[in-house]
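Think of it as A, B, C and D in the order they're written, each chain with its own count starting at 1.
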């Protein structure tokens, strides 16, 4: 017999309504309460979900013993306090990305969740998309070869955030995917950017990640682009992939092109690159709403007491890189070396991706 | 009565044949000699242009008193020596981009050309394209407002150069356009990059230029992309332009979208961006081969003894930024401040663009 | 004080659920009953709309005096019987396209609605889309000139209908738009097609409509295309429009190109076409779900007792052309002349399009 | 030792200059004479090809015993007379498409070429393109299954011809490909069209070809479209292909989608179509100018005395269908049954396609 996980949602602003919609229709889940300090938003929610309790005071919602898990969809600065309180009250927690405003905050959350034996998960939605699952399959089958370079562009006009810059707003999507594909943390971070609209908040950033063995990734984030762009290129030693998330069906193209990497050079004059050009193929991608899959994975993780794909440690990893990018921005783009070259921690996981839809 | 300018071309490798083709059919020009140390290339040329003299020795070609101007289309390292010798021999000079291997070399060329009273021009071809002329028109009419930010991507698979990195190879195109549109030199340069194939030569670079008053430009150059990408976005205070050079007809889109830039903020809570969304229009662009226009402008400049659009000083400006980018690469992406904040020198010129085709 | 129109929906299969979703959240409307003979579908509906009554027997639903209007979303063959019964019971009626299986059926419905003083409307959804409203604006302002030729393609893989061919399935969308833009009925219809899958039902058809004064329209409909295509070209005497409904934002392109139509020719040798090429612009289109606007227009029409845009007469016009296309198919593509060259009846209406969203 | 075929070209207007350019640089060929009645065109030619003789009088050029073959690139109405005279003079002949103004003219040319033992070839250029060769490979390998349906669109703004309608101008490209892929002639032809600009010459046509066993093809040709469109869809029993000739690299997409065709039906209620969706792949296509390959094939055919791919019989087949389309246009779109259901004559040939570039 299947149990039902009862959820309380805090934050019914920009992203919260999407989570409410999913959880209220998801098998195995029940949305029993929503909290927001804005009375108008709360009233709007009440009309759509008459069976859910509406709270203006988060502490009151936490007192509801029936609630198993709390979903935090508020502005970044309140993530830590709300999630800490939830864990202390014995609730599992799902937090919007980025996980918290600093790596210290993330570490406190991870420690408390571990101590309480509760699930702590971050909503890195793209890790649950069919496109990313397909790319991971291709990498794990060895068809791409070794991943040498990842290039990302995530551009659009606004939404200008008032408390975080464009890297904190948009790059978490790219970072969560890059960490999954690279399978380890970067050893060096550079970030260059500029604040055109609000003089204190960068609206354009170029982030570079250097990994061991000269593997490399770049992320361009912008709120100043008339077109919407969501593109990633994965360069492997055997093939290359272009992932365009705005294509309705043909999101992924696998190019059978490569440059043969010579093992060594005795002199520059001996150096010749060998190109291989071939076909391109467009794999069929499972059509399933990533947000639905992510929410289902949260419910599964609670039921089976299993560490989720996008666990707190992965949320922390993303925040660490964003902190390093802030430091590099302050140093006018200078390199920020990541403290301890860690052993790989971003294992490529696969099984949970193919079961939800 | 119109005179004919007689030309000698040195370098019949990758780009030289295109210049030979143009100059041999251009009114007012006559290709009378081609020099290359490769006998096979020279033989090939002889079949196509039986009336041109073929030289293996550059000094011999220079001795030909009939030659008015020399076109240098050799690898970068020889630009300076060949152009210096040509100027000393009293010939006008057109050099492939980038102009020379260092700003010192460029300065010597500029000084000698001035002293000899000869035309010195760099082949920044894109400055002569219909698309760039149209964008300059839009800017000069004031339709874009002030140019705040330019974002460029120039990506493809190879050609891997063996003596210069991808920034020196591809970024001169973007730099010549940016300098023209911004109308001045940057005050700070950052460059991050990586060498995946040949360990000494970066095949991926991200270049950032900071101008006075926080104006900004970024250039991504790559030899490691399965698709060919040639895109620039111009963000102005009134409109935005996306320029995609690979579109056969619709290269430029002018977006009537903007973010209204508030003049000042008393507090963050007062800060609201105002978006304006509107129509998009695609101006009709004059169809004319830019290389033909560039070559015609060289001939015109000689005939009228007028400083060309892409004069030596502009070639120098580009090389200065590339030198700064090398310094930044060595400093692991750290900022390189440009020596003397110069007064604007990249005036927006227009007249010569509309006459050639 | 605003009244609420109470609705009963019959048919909860392919399209019915969309109508249920819209009407259940539309201001001024209340979905109080749903009828379907499939118990499983009915059960599914009950979970989503617990306040709506579920009926397996349509006569029982009609007996509900509270119901003001019936929405018919069943297979084509039952449209006539269900709508006739509804009108006899004093209910307003909205029918899915095509209106009915023959023009005779349509005429009976129109006559009965008139006699009863009830609203009869056909769901020609596209007439309520922002893109079509924008094209009509452009035509009414005179920017297109006279509409001379309309070319439509509506192609995809399946869904193969089992009772109607691909023209009856897909062409009503194009026909409703063409009739609106041309402002009159065609005088001749040709249809060529073929049945590849089910030997009795054409899965590919090419339909041609000839209007007075040699104006012309063609409609290609196909269930045998691996891509989805939804394109229309409008050729006017002053400009041309391409409408691609699959573009998320840039659905309409207005091309400032035209051929100047000479008024007469004395001889072929005097004939020269004059081309004018110019800019292209992409007007910003109001983002509003057309189905929402259509449903709102039905409610408005009932409240204000006003003839709807897509009234029964327009539904009849579409069915007449489909009947003619069947006759032409049987005549192996031969021309079918429409009985009586009618005076224009498809007036270009505008006001109701800009108020709903 | 290789011989050189000496060529004379008649017609230096729209297409002739392209043929002159190719033949003047093709190994094994020598362009020795060009004929045009326009003195200005002839003067222009003389500057580009100083070694070729210029003729205003075609009879004089024919008297040149050195000329082995004549290339006819004049308006359609003169094809027959010029080609007949050439064959009578013992010259091989290459004619622009369409081959001649009537099937009777074509038959006379075929008969005379046979009697004289000379090569007669029609410039159906697309048969020599890498894209068409790739599609033929796919069909011959059986990957597409049986070809059931081909849908073509060839649309653009003008060039308005003054002597032939848009079907005679544009459809020969599609027809030559369709005949090759279907491997036989159609048994029925329908054509609907309209003349908007010049009242005697259709500028929009929809042509339908019915083959034995209900196989089907449609061709839409238009001079009234602001965009340029060059698309063909091939529907097979196993896969589908979309060929977009305007894509620079990715011209062909092979869709692994199909509808399973049930062998028979006892009743409509038993009828279910089964869809199969899968990946899509984009084969790499050999980059080679089709015109170069076509010209090379003409030279090869002369040298080896072998019947060319696009022989006179194939040119005749295309003209027969165009004649039938004229008859259908006059019959207001009615079906024109092709006289004698012929045995397959369009064998799928392959070998000569892979050798030229």
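Note that in this section a residue touches a chain if its C-beta (ideal position, glycine included) is under 8 Å from a C-beta of that chain, and two chains touch if they have at least 3 such contacts.
Nothing here was measured: the structure is a model prediction, and the numbers come from that model.
Visitor: So chain B and chain C: same face meeting same face, with over half the numbers shared, or different?
Guide: Answer same: the two copies use largely identical residue numbers here.
Visitor: Select the chain at the greatest separation from chain C, using centres from the mean of Cα atoms.
Guide: B
Visitor: Using the average of all C-alpha atoms in each chain as its centre, how far is it in Å between chain A and chain C?
Guide: The mean C-alpha positions of chain A and chain C differ by 43 Å.
Visitor: Just how far, in Å, is the C-alpha centre of chain C from the one of chain B?
Guide: Here chain B and chain C have centroids separated by 54 Å.
Visitor: State, to the nearest whole Å, the distance from the C-alpha centre of chain C to the C-alpha centre of chain D.
Guide: 39
Visitor: Could you say which residues in chain A touch two or more other chains, in rising order?
Guide: Residue numbers touching two or more other chains: 253, 280.
Visitor: Which of the residues in chain D end up touching chain A in this complex?
Guide: Residues 250, 253, 256, 277-284 of chain D touch chain A in their complex.
Visitor: Which residues of chain B touch chain A in their complex?
Guide: Where chain B meets chain A, its residues are 148-149, 151, 153, 157-158, 160, 162-163, 188, 190, 192, 194-200, 204, 206, 208, 210, 214, 216, 218, 220, 222, 224-227, 233, 235, 240, 242, 253, 255, 257, 259, 261, 265, 268, 271, 273, 275, 280, 328, 331-335.
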